[in-house]
Amino acid sequence: MTDTSAALLEARGLTFLRRDEPVFGPVDFALRAGEVALIEGDNGSGKTTLMRVLTGLLHADEGSLLLYGEPLSVERASGELAFLGHQLGLKLELSPLENLRVAAGLFGQRKGVSPASALASVGLAGYEHEPVRRLSAGQKKRAALARLLLIPAALWLLDEPYANLDREGIALVNRQVERHAHEGGAVLVTSHGAVTFLNGAYRRIALAS
Amino acid sequence: MTDTSAALLEARGLTFLRRDEPVFGPVDFALRAGEVALIEGDNGSGKTTLMRVLTGLLHADEGSLLLYGEPLSVERASGELAFLGHQLGLKLELSPLENLRVAAGLFGQRKGVSPASALASVGLAGYEHEPVRRLSAGQKKRAALARLLLIPAALWLLDEPYANLDREGIALVNRQVERHAHEGGAVLVTSHGAVTFLNGAYRRIALAS
Amino acid sequence: MSGARVSSACAAVLRRDLLLAWRRRGDMALPVLYALIVATLFPFALGPEAQLLARIAGGVVLVTVLLAMLLAFDGLFRPDLEDGSLEQLMLAPQPLPLLLAMKIAAHWLTTALPLMVIAPLMAGMYHLPWPAMKVLLLALLIATPLLSLLGAVLVALTAGTRRSGMLLALMLLPLCVPVVIFAAGAVTAAQQGLPWVAPIAWLGAALALALVLAPLACAAALRIALDA
Amino acid sequence: MSGARVSSACAAVLRRDLLLAWRRRGDMALPVLYALIVATLFPFALGPEAQLLARIAGGVVLVTVLLAMLLAFDGLFRPDLEDGSLEQLMLAPQPLPLLLAMKIAAHWLTTALPLMVIAPLMAGMYHLPWPAMKVLLLALLIATPLLSLLGAVLVALTAGTRRSGMLLALMLLPLCVPVVIFAAGAVTAAQQGLPWVAPIAWLGAALALALVLAPLACAAALRIALDA
Amino acid sequence: MSLHEFLSMGGYAQYVWPAYALFFVMLIADYLAAGTRRRRVLKELRGRMARQKAREARRRS
Amino acid sequence: MNKLVYWYHKLGSPPTFYRFAGVLRPWCLAIALILAVIGLYGGLYLAPADYQQGDAYRIIFIHVPSAWMSLFIYGVMAVAALVAVVWRMKMAEVIAMQSAPIGAAFTFITLCTGSLWGKPMWGTWWTWDARLTSELVLLFIYLGIIGLFHAFEDRRHGARAACFLILVGVVNLPIVHYSVVWWNTLHQGTTVRIFGKSNITTSMLWPLLVMMFSTKFYYAASLFGRARADLLDLESGKAWVKQIASDEEARS
């Protein structure tokens, strides 16, 4: 089916222009199964923009983007990747459980994981039926992280997953990322240049602003 | 007219309730002319809420608030204080100069200061006629700071004035605050517990979360 | 790992939107109230003469329902766009037009259907006779999903802009003109005892076409709107 | 230090709002287009019979202008609330009701006045005869500021809420009923050659009252809406 | 007056009885709404109290 | 006077009001039910058929009390709203806000029963008559108040805004009422005259008055119930509410 020896995700000379000025310069990298990479850059250096290009929602103006060695498109990418952006994609009026059920309906779910168990493993046991509106910012983030655990995507794109989280939450993300890489997935994480929370020596991709 | 020996602003047992739970505990302080004080607290500890109570826009549920020894009300407070909040109060479609002219019309202006000179002294010379929409976040903040220089208010309430500013901008705020205190004004500044930018040993008012 | 089936994905989207509408049922009532109030205002402006009111009943009810639907369109994609749910929908491994069709169906069920329920009430207050009322309801039953579908495409196009309400009205109303003409034509014909099937048939044909094409166009428009 | 005079503060507010409207003149055109299109839809819905159209001309123009104004009300305080300008206005050492009166005046000038300009056009499309047209314009000239003032109070109340458009319509329309009755009554009377001064005089009296009370109520409502 | 006569309301039964039915249905629904709301509020409150207790227990341990 | 102030403060305190309302509620409901049985017996059975309207007029025994209630409740809300806006009294907010759905229900009943009565009498479900139209507008005013209340995230905040709207609506009510009257007389004479008091004989009048009192007591009972539930929600951080929650759990 797909060429499994090829990198899971590969970018070659990727550039995104806004009014003919590059938001981020040419970016090259290849991400294989089991790898974690960190995208670094200051505010406004184009991290979020890059992430959205990688999901296929935005089109790069120059360069090419390959998923399993084939050109990436929204149709091709969908289902293969899980995206956690600045906006969490949770409905405030629904409970975390109801939100996860929708995700499971859309994306399917991993074997051995249920919405309730995913919530429990991000520390939201007891909050399953509370409307998301009433959760604190950190708890909302956790509910969004539970979606990653639930849906069967190989590539995780995490845009500033640490924001709003306390120490324990940061450790939770790190554990989650490492486990996913260990199980054969791949993870891209963005972070402000100054502070990094991922422990371990992962590959760094720098975006100059 | 007003009892000048009394503190410029005095809070006694000030508490603000949301759904009957205190957002910040009883706060007591007195601020005299020439003083600067720092309000510290974590995210969500109630700093912004306290500031809005001090402007008279929100009503404290318990405790009392005195301006020049008299109970504070919006009518009494207006004109005496200048407030810089999370929202800067700038119109994005107007230029910094036009924005400042509106402020001068509403609040009057200090002797010897004009909108243009205030803009120059916050480093926005050359940007007077650009719509605020096209300014960077830091430049917007500077335009809001210029308003403080322009209008004749004795008490400054600055809610996180350092956000979005670079090193030079931070130094600018510090100089501005010190000069204002020196000229007989009083300043209240909020800041996240972790990092403080004000140099000098100012009084600290801690809000427990 | 097990992927999701298309049917369960559609059910999930439909159920989610209906559940959301139920949780915010206060908002759901507003278009209905709006229509009722607009319909109430006209007699004040025109005088309470029963014959005149009966003459314009069909037209007023149609235009009022249309205006109320128009105002509710903003809620079709904007909330999902703002909280990131729309991105998640677009990243799902399912045909996007189908998922959007489900969203449109939910929107029709929660905004147009309540309007259709009160349409007889409004028409009754305008003294529309029963045979014409039947035709009016039939016309609404075909015209409102048609408008929902057309509106969805335009809402998708304006999804990325700031003040989309007015803009939407501007773009949608010209499209509405033919719909209104045919629907009102059928009602008037019925009121005068003339055959009214032809305009309804045209509306039906347009609806069939829109059912196929609108979700596709909507998906394309959303992709364009988000790509910025 | 020199305080600002009340007159210069009022001028500053008025100038600012007019300037802003000018910078966003595209948005300013939208209510006008909206009214035009709604007014266009009715003949399609009712058929082109000149006599019927003339009969309902006054009412349709009034209700249409009202609906268009309604849609523009959202822009009265919300932008200022969101960017913090409103707080600055409330902290100014000037009587808030006066400053708000200036904002309302600017809003009337930028939304209702253009609508008044096209009102004759719309009425002409409906074959309203000239003597009645004069009365219609006079009625609009008094009714629209009245609506602006009443609307401002309610907009101020909903300033703190999320989806306020529909809610505003719901709250405003009962207040509109008397206004519409008197304005339409005058136009109908003129059309029938009857004396039309009495309802206009009533409207004028209401306007005088609203001019005094509405800014005060508006200030109180805003203080309530912001106090949370 | 027979029961039938009473129920037929002199030929106006189709207007009188629906009016009375509406009156009672609306008021009963209105009255029950308070009880329903009260039960829901208390249920939510008990959930919140249980969570608080669990959190305190965790903190103490 | 002192006694009045004492009770003002006493009933202004939520736990006291909660207990007070809990005691009174069943009594109010019982009285309402007994009066309703008596009134309906008198109205539906004892009273003779009207010589003009036949038995259709019997709708009067729910229509008119409901119509009176729709206006009476607005009056109560206006007083409560005034107290709430001026003195920021929490109980007044609760009473004003919890009365609104009951008032809306009575208004709706008035409209529907009137409509059901109008069909046989006037031959139409609805005419744009002054009284009918102003009652419809009253329904919209009620719904606007309820809508505004629920539009705010914070409930006390919403209550304060809605109370202000109630006061604005008070000014509006007579204007709407009279303008609608003038409106109809502007174009044509009153088409239908609702018959005057003189037409009512004592055998019809007393059940009407009994029903009037019954609806008043019903209102009190319903309001107490709603206010109690609302207080539990509003004060859910307070010890007395937690006490009630754990007590009820123990009992069940």
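General remarks:
Going in written order, the chains are labelled A, B, C, D, E and F, and every chain counts its residues from 1.
Keep in mind that, in the parts below, a contact is a pair of C-beta atoms (placed from the backbone, for glycine too) under 8 Å apart; a residue touches a chain by one contact, two chains touch by 3 or more.
These numbers come from a predicted model, not from an experiment.
Steps from subunit C to subunit F, taking the shortest chain of touch contacts, total 1.
Counting C-beta pairs in contact across D-F and across E-F shows that the higher total falls to E-F.
By the residue-number overlap criterion, the interface of subunit C with subunit D counts as same, with over half of its numbers used by both chains. Seen from the Cα centre of subunit F, the chain whose own Cα centre is farthest off is A.
Centroid to centroid, with C-alpha atoms defining each point, subunit E and subunit F lie 17 Å apart. Per-chain CA centroids place subunit B at a distance of 51 Å from subunit E.
Here the CA centre of subunit C is 28 Å from the CA centre of subunit D.
Centroid to centroid, with C-alpha atoms defining each point, subunit A and subunit C lie 36 Å apart.
Counting partner chains per residue, subunit B shows two or more touched chains at no residue at all. Residue positions of subunit E in touch with at least two other chains are not found.
Taken residue by residue, subunit F touches two or more other chains at 137, 140, 143, 147, 151, 154, 183, 187, 236, whereas all remaining positions touch fewer. Residues 27, 30-31, 33-34, 37-38, 40-42, 44-47, 52, 55-56, 58-60, 62-63, 66-67, 71, 163, 165-167, 169-170, 173-174, 176-177, 180-181, 184, 188 of subunit D are the ones that touch subunit C when the two sit in their complex. Here subunit B touches subunit D in the complex through residues 55, 57-59, 74, 77-83, 85-94, 98, 101-111, 131, 152, going by the rule given at the top. Every residue of subunit C that touches subunit F in the complex is listed here, in rising order: 26, 29-30, 33, 36-37, 40, 43-44, 47-50, 53, 124-125, 127. Taken together, the subunit C residues at the contact with subunit A in this complex read 1-4, 8-9, 11-13, 15-16, 19-20, 23-24, 82-85, 87-94, 99, 223, 226-228.
Put simply, subunit F touches subunit E in their complex at residues 29, 44-45, 49, 54-56, 58-59, 62-63, 66, 101-102, 105, 108-109, 112-113, 116-117, 119-120, 218, 221-222, 225-226, 228-230, 232-233, 236, 241-242, 244-246, 248-249.
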